[in-house]
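The chains carry the letters A, B and C, assigned in the order they are written, with residues numbered from 1 in each.
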Amino acid sequence: MDTSRSYLEPSSFSKKIAAAIIIVYTVITLIPISWMVMTSFKNVDSAISYPPEVLFEPSLEGYVNLFTNRSRQSVEYLDSLPAPETWYEELVRSREMVITGPSKFLGRYSNSMIIGFGSTFASVFLGALAAYAFSRFRVPLKDDLLFFILSTRMFPPIAVAVPIFIMYRKLGLGDTHVGMIILYTVVNLSLAVWLLKGFMDEIPKEYEEAAMIDGYTRLQAFFKVVLPQAMTGIAATAIFCMIFSWNEYAFAVLLTQFNAQTAPPFIPTIIGEGGLDWPAIGAGTTLFLLPVMIFTIILRKHLLRGITFGAVRK
Amino acid sequence: MRGKKMKKIMILLFVSLFSFSANSNAKSITLGWAAWDPANALQELTKEFTAETGIEVNFEFVPWPNFADRMLNELNNKGKTFDLLIGDSQWIGSGAVYGHYVKLNDFFDKEGISMNDFSPATVYAYSTWPKGSKNYYALPAMGDALAWAYRKDWFDRPELKSEFKKKHGYDLGVPANWNQLHDMCSFFQGREIDGQKRYGAAINTERGSEGITMGVTAAMYAWGMEYENPNKPYDMEGYFNSPKAVEAVEFYRKLYEDCAPPGHSDAYMVANLDAYKSGQVAFQMNWYAFWPGVSKEDKDGRVSGFFANPKQNVAAATLGGQGISVVKYSDKQDLALEYIKWFARPDVQQKWWDLGGYSCHNDVLDSPSFPTSTVYAQGFLDSMGIVKDFWQEPTFVELMLPMQEAIHDYVVNGKGTAKGALDKIIEEWVEVFEADGKL
Amino acid sequence: MNVKKKFKGLSDKAVGWLFIGPTVLLLLAINIYPLIYAIKMSFTNFYANKIGRVPEFVGLKNYIKVLNKEAIWEKMQVTASFMFWTLLLQAVIGLGLALLLNRKFKGNELLTTLIVLPMMLSPAVVGVFWTYLYNPQVGLFNYVINFFHDFGSFDMIGSSVLAPWSIVIVDTWMWTPFTMLICLAGLRSVPNYLYEAAEVDRANKWQQFLYITLPSVLPFLLLALLFRGIENFKMFDMVVELTSGGPGSATELASISLKREAFEKWKTGYSSAFAVILFVTIFGFGNVYVKVMNKIKER
């Protein structure tokens, strides 16, 4: 066994070379992301210093700026105020500004949460139903339907955005959470159906048939036997749907304004007192990346499998 | 277990959904404007309105680059977010024609608010549609024009003064025309002052919204460009692309190439402020709205001077500024009107100016102490007498975008000729006016 | 069939429609209906912002206008060259990385996860953050490049020569992991016995790569490129935030131009015609590509 594998296994020298190249690539590719995280801990001045500072005194100014609105005041006015009560007030005061209120970031972030999770849940649920039906039943025009579902992915979002805008305006769904959840659900559906069908195909029919012989209805068998079996696939699909709706920008910028706007169109508009506030943008981006990053790392095996499935299909 | 958790999550989701869309306090209105210094001043001023009337005012300030996009989308969506909107001067046409704004004539008559009390240029630009008629869709709220700030402290240095005099034969000071402006900007370009490399001027070059148009027209107006034949509306050939206009555009490109700091290829208000505040440039082009902030933040030896847009063939300046309008889709128009009534009061207008807003009320502007109240007040008065604006047609975005693209392509991208760019713009404009039935 | 009838509850047919129904209905309502609506509007001079103005039927006028417009062809060219370079770079780098990762050295799983990270970011946020990295005065990108060779300060976004490359670099940085992952999936699906047989036939490593590895990974690579091609044809968010199409129109992709026509100028009829043309283009190219891909697969 060992000897037969030896000539298939790459030599340890070539492994070392491969590892070295990959490590170099990984380091280079991570520089922008690490730079973003580092910038979030800089203060406004060191963020725009040249040469760029690699070593710097960490500051939470970016995070404070991200969560507050501030206005500049004269020194005399600041002196007339009572001493700052909290550390973040002190930080803002040291910049000759006062906090005028909370910023919109939390609202935008929770919009992202509501719309992201809502649409992910809906598209995975509907996708699982459809995938099961395609996998198990004789559906008339099955291949055509499946291709139709896949082809909806090719639409440039902006091509259908105007009709959707007009439709939503009539229905009062424009700039609402429900409207955006429905929209993202539909965009994700095609992917969800295709991915989940692959996973469903892998679950032996005999499982649910046995359950049905035991007196389960088809529906019960689906929910109690098939769905738990497909959990891996559901997790992988959910991540893909989540990444899309979490990061989506085109529809969000076109169809939402003040009520249901998500974080991606908001973060680029964080403006400091002059120019873009890079530490605050870095902070927003870091906080925004965190959930997806954690998910990815926890579920990385499923993720790879999901992509493999997506590729094997078609 | 799993099912129960799911249910809980779903309930939570729905609760949060509805709590978000629920309407807050009935005795409150929402005002929309751009996110900039004057908006903070207005927020401060409005505290008195709330104290007087008990009506809460919520503010929604949108950053400039997205301002037009977001607000116009909101209006086109018939959104109810805003009761009051301080919209850009160019929007008045679409606000009136497409019915986004409430017509204010009856209200003005009833409350005894007279447009004769406001500076004529601002009433014309911010309130009326069709232009110059007596149909009012806004109250002039914030007068503004494009002007220049410069580093007075550098200008006052003897060694720089004498070097400049030797080179150009006249004194370093407020430029009398655009040629002098170019002399001075290029004098500072690449010069080392206090151990730091400095550049000439931060000028408008933004591509996305209206930036470069608002910059290049400052030159074009000063050269004497007219948009159309005064006797034959919408006849632009030979006016908008006249030799004078072409020369102005060419000059603007020269200014960009010779005097802009590196990386200043997509810059508008905040980027200009940034370049100036960080000590990179000797000049910045910007709106009067920012001057209170700029002069307040002079420190570390920085002294700012200000001047109105220089003359070339004629004295002219690019108009900015906004009027305040009541949104047709609002459910609380009565409260919104009450705000306008309060805002139009002369004593409130005076406080507005004191806080850093640019009042358009004659009582404020004509007061003998006004010209000396700040270093830029006289310049503001001068500028408001010579302002010119871009098209205010309902189709103004359709007119703006081709100009942005063609001018940016010529000035920043260095493609083609100035005449070619202007010809291309006219071609697009003719198409727009034809589709709109104006031609 | 008879066996199944014995079971309780809804018939399979009913369950089938119950399960597929919502998906198909939603797709019809939010995808197909808008598309048909867009096609309908493309024959009119409708303006969605001009409330109360009755649109007129104008026949093929909008299509003729779009196709005759030089500026639109320029934008198509910009899009085509953006797609060509991003796909080429992502294919080469992605495949290379996959081949290296397939050596299964210690820690390759962790490194794969790290390499994939840029893909998880929001393209719009990536775009705005790269304007900071590209800034000629304070940006890291210029600093690093100048560290190796002193070019002086250069403006990636403001120069018409460099700007198209600035978006290619960001897109490649972000999406090479995608190609890499799919190629990796392909490599892992190659059965070992093929290599064993090749060893027996005394084929050298290069021949093994050429005759076994490459043919088996090629369909996967082509598929990855299809997905990337579709996505980059629709590309909007990252480029809007990075260059907003500038300088001039040097990076104005077709979809950015479409957005301006549709949502800023509100020329709904005209922009619908533009959208339909784009859609037909991508659909046509997509179909031809899939056919070619299937032929290669069969071989």
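By definition in this document, contacts are C-beta pairs under 8 Å (C-beta built on N, C-alpha and C of every residue); 3 or more make two chains touch, one makes a residue touch a chain.
Every value quoted in this text rests on a predicted model; they were computed, and no experiment measured them.
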| item | value |
| --- | --- |
| Far-end chain from chain C, centres as C-alpha averages | B |
| Of A-B and A-C, whichever chain pair has more C-beta contact pairs | A-C |
| Whole-Å gap separating chain A and chain B, where each centre is the average of the chain's CA atoms | 36 |
| Approximate Å spacing (C-alpha centroids) for the pair chain A, chain C | 17 |
| Chain B: positions in contact with at least two other chains | 69, 73, 76 |
| Where chain C touches two or more other chains at once, by residue number | 48, 137, 263 |
| Residues of chain A engaged with two or more neighbouring chains | 48, 165, 253-254, 265, 276 |
| Of all residues in chain A, those that touch chain C in their complex | 4, 7-8, 10, 14-16, 18-19, 21-23, 25-26, 29-33, 35-36, 39, 47-52, 126-127, 129-130, 132-134, 136-137, 139, 145, 148-149, 151-167, 182-183, 185-186, 189-190, 193, 212, 215-220, 222, 243, 246-247, 249-250, 253-254, 263-265, 267-268, 276, 278, 281-282, 284-285, 288-289, 292-293, 296-297, 300, 303-304, 307-308, 310-312, 314 |
| Chain A-facing residues of chain C, complex | 7-10, 12-13, 15-20, 22-24, 26-27, 29-35, 37-38, 41, 48, 97, 100-101, 103-109, 111-118, 120-125, 127-133, 137-140, 143, 173, 177, 181-182, 184-186, 188-189, 192, 195-196, 199, 220, 223-224, 230, 233-234, 236-237, 241, 255, 258-259, 262-263, 268, 271-272, 275-276, 278-279, 282-283, 286 |
| Contacting residues of chain B [partner chain A, same complex] | 9-10, 13, 16-17, 20-21, 35, 40, 43, 60, 62-63, 65-66, 69-70, 73-74, 76-79, 81, 270-271, 273-274, 277-278, 293, 296-297 |
| List of chain C residues in touch with chain B within their complex | 45, 48-52, 135-137, 153, 155, 157-160, 243-250, 252, 260, 263-267 |
| Chain A to chain B touching residues, read off their complex | 48, 71-72, 74, 100, 110-111, 114, 117-118, 121, 165, 168-169, 174-178, 253-254, 257-260, 265, 269, 271, 273-276 |
